[in-house]
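Before I ask anything, here is the structure I am working with.
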Amino acid sequence: MPPSSNFFSIIAGVGAGTGQSVALKFAQAYPVVLLARNPANYEPTIKAIASSGGHAIGISTDVSDPSSIAHAFEQIKKEHGHKRLAAAIYNVGGKFVRKPFLEMSLEEYEAGYEANGKGFYLFAQKALPLLLDSVADSPHPPSLIVTGATASLRGGAQSASFASGKFALRATTQSLAREFGPKGVHVAHAIIDGVIDIPKTKEWEVNGGVEDGKIKPEAIADAYWYLHTQHRSNFTQELDIRPYVEKF
Amino acid sequence: MPPSSNFFSIIAGVGAGTGQSVALKFAQAYPVVLLARNPANYEPTIKAIASSGGHAIGISTDVSDPSSIAHAFEQIKKEHGHKRLAAAIYNVGGKFVRKPFLEMSLEEYEAGYEANGKGFYLFAQKALPLLLDSVADSPHPPSLIVTGATASLRGGAQSASFASGKFALRATTQSLAREFGPKGVHVAHAIIDGVIDIPKTKEWEVNGGVEDGKIKPEAIADAYWYLHTQHRSNFTQELDIRPYVEKF
Amino acid sequence: MPPSSNFFSIIAGVGAGTGQSVALKFAQAYPVVLLARNPANYEPTIKAIASSGGHAIGISTDVSDPSSIAHAFEQIKKEHGHKRLAAAIYNVGGKFVRKPFLEMSLEEYEAGYEANGKGFYLFAQKALPLLLDSVADSPHPPSLIVTGATASLRGGAQSASFASGKFALRATTQSLAREFGPKGVHVAHAIIDGVIDIPKTKEWEVNGGVEDGKIKPEAIADAYWYLHTQHRSNFTQELDIRPYVEKF
Amino acid sequence: MPPSSNFFSIIAGVGAGTGQSVALKFAQAYPVVLLARNPANYEPTIKAIASSGGHAIGISTDVSDPSSIAHAFEQIKKEHGHKRLAAAIYNVGGKFVRKPFLEMSLEEYEAGYEANGKGFYLFAQKALPLLLDSVADSPHPPSLIVTGATASLRGGAQSASFASGKFALRATTQSLAREFGPKGVHVAHAIIDGVIDIPKTKEWEVNGGVEDGKIKPEAIADAYWYLHTQHRSNFTQELDIRPYVEKF
């Protein structure tokens, strides 16, 4: 499907893994806007999309900074103000802090919430009005798709920072699904339960090192695209994703 | 994709709703075998598949009767013994009994388990060896996909029969996912949380009667096809499905 | 508190562990009736209760056999027909079968449900009318307290039999809590997540062999007594119980 | 039991409901320290405790302000430095904001986390070292008991603020239970699912206005005391509490 001229998509949190693959996938249908703090994180993706005939821009954004998010959405309006938003993906992981609770600083504890609570609040505040505007004529129900983790369901020892952030994120997506679903916006939450197969994890010995023991980011992109294209009579609010060999 | 000559699929529990739509979907890729107690339930589906160039047979089967299930799989072996099983769908709802607990007979209470516990055990015992045989060369990871319900997660008042059966079914799929996932078989459980849009429910006033307030069975079929085609690095064990307007 | 002359309690599933401790605890307040298939399982408990000034009888009962349960409640009526039932405890574990699914016979698979689904249905059918009769004047809200397990929440590999039974049991207690709670009967479900410290487990190396690494059955009895004595404005439907060192 | 001279307890979040009742209950065994922002909230409780022969002090504290919490624990050290901490209760609800998401300010959204995430982090950082010091000789396992809500398990429409805070709190208690349980500290989380029967809710028509349709705070205090006195072989990490007539 050639990129639609009337719709676009936004992906917040683009590095070498899930965000990049999701961007490449959605760029087959829509121009994409990529948000990441460090342009080095989205520049390779922009090039890859351009070289395959798609269209992408990047905006350096700190999602947990209100003025940075405001600036990003002003840029988006300038670039795509005449288009409608078909999909917004929130894939901001935040820093994973794992340490004994009594050695964890307030700043470290709050890092989980900064990225997953506050950051998502700020992003959703800007994205939801645009998604609501698309309900009438979007090719698929306009979608807000959010990346969760194992820690969305379980607060492990020494993981209070990440788990409290991911729990808060899950609560917020549930709340938004219940408020905005009936208005036609699809809010979905994916629990990514495993290590993602990216350059950073190449050397990690996971699941005994078996083939496909890490999650292919392209497969996550397929999942998000499937979620985006679900009919509104059939919204999935939550699914889990893990390698076939993952213990759970 | 034309039906593959080397693989086939089985759908247990075929009526006018989910089972039929799933059969039509999977018949685009594989010959299908339809199991239902009453041939009147699968005959229209067989005709519909034949008229669109696919191939289907039906076998009258009582899934909670060991000899009936054994007979069905003997027939399947005769018909498709030279092929491999790509997907097995368990979509047997069973009778939904809703009444005050003290008015519920043992037979009524056990009806939930008969269809969802015992029946699934019998079906999985026969299907899993065939799915294991397909791991090496199936176009997609061989899949055992199971239909759950709202009652898979919540035992409502007066619903002890259905909920105990659906809880037992969910437990069994979790157990099988953990045992057979690492062997390459994808075991997935879909929580269908809403009324399905079929002739029987046409007059039901659901979700205020709004358009798409009931789940389209074709959309469930899309979900099951998506689950079947997931890469083994990215297995979903459970997802929920509900209309955009459903309260949950 | 001396055993009340007007109320009694029933404990189904009495061996050397939880059932015995619960019986000893409740016998401090009420005469108790002990149900177990094998009299050797309840006889030591009857003696222990008698020697501490309480009152207990045992009835050899197969809880998954309707006529055996019917017989037991006829005996109970003869013995305590003039009294009211204050508490009924369902502590029937059933046989724990753990083996590869494809090596598990139908009988083995169904063993989980026999004890935890069918057996509890039969017990609750007889106990609930008696509990309802006690609502008006029982010293504490009449209680139906049920023993669950780790497998009530998670279907582990090779544990389909036990997990399907414990899931079915949990579903049924939820359903009964929602139907009979508003009528004044307290239905509670305890998830016992750990090995119980009984003669049979004496040699088991659990949690590194640390002190108190197994659950003291007396502590479970305290929990059940606490649940029984909760005010009706404050019913707990579910709690978990595990040793301080247990991984979860 | 007369207040122990060697141990004390702390209750954070004391108003006219749960906090007060918990304070009165624990004051029967230990001197108590009450934390609340507004002294008017704890002063009546201090008087009530004094008049029944117990001992209580109050410290005006903003639990989400690091320096205020630090000051409070310095005061506590001056007052009870020679004693050990037996129990710390975190009962800070925070402001319940319920409004459409797009009308919710960042400050309103973050209010849930301020009280339940950040505030609990700060409190637990100070309380846990004291609880660890008590493990060897506390009459009961030193306890950190935390008040959750319906919103700890479900993000309702328009409740993103409260639910994200309560989810974050639950995640943190799970993490602490897994880290500090094996060290002998009991971390428990109570899901209070209903309206509490306090002066503020007197006029609220709840559950049809039936008797005991609101939770008695004294019954919550009994639950917390029961949790505190659990043997370490039998820790409950989570329980729910609701009126017998509550829909759930």
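Here the chain labels run A, B, C and D in written order, and each chain numbers its own residues starting at 1.
Definition applied: contacts are C-beta pairs under 8 Å (C-beta built on N, C-alpha and C of every residue); 3 or more make two chains touch, one makes a residue touch a chain.
All values reported here derive from a predicted model rather than from experimental measurement.
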Contact steps required, at the very least, to link chain A with chain C come to 2
Per the touch definition, the chains contacting both chain B and chain D are A, C
The C-alpha superposition of chain C onto chain D, two copies of one sequence, needs a rotation in degrees (nearest 5) of 180
Comparing which residue numbers chain A and chain B contribute to their contact, where sharing over half means same and under half means different, the two sides are same
Dup interface of C-D (contact pairs over half shared, numbering-based), picked from B-C, A-B or A-D, is A-B
In whole angstrom, the CA-centroid distance of chain A from chain B equals 31
Cα centroid separation, chain B vs chain C, in Å, comes to 35
The positions of chain A in contact with two or more other chains are 178
Contact graph of the chains (line, ring, star, complete, other): ring
Chain B contacts chain C in the complex at 66, 100-102, 106, 109-110, 113, 117-118, 121-122, 124-125, 128-129, 151, 154-160, 163-176, 178-180
Chain A residues touching chain B in their complex are 141, 178, 181-182, 184, 186, 197, 212-216, 218-220, 222-223, 226, 230-246, 248
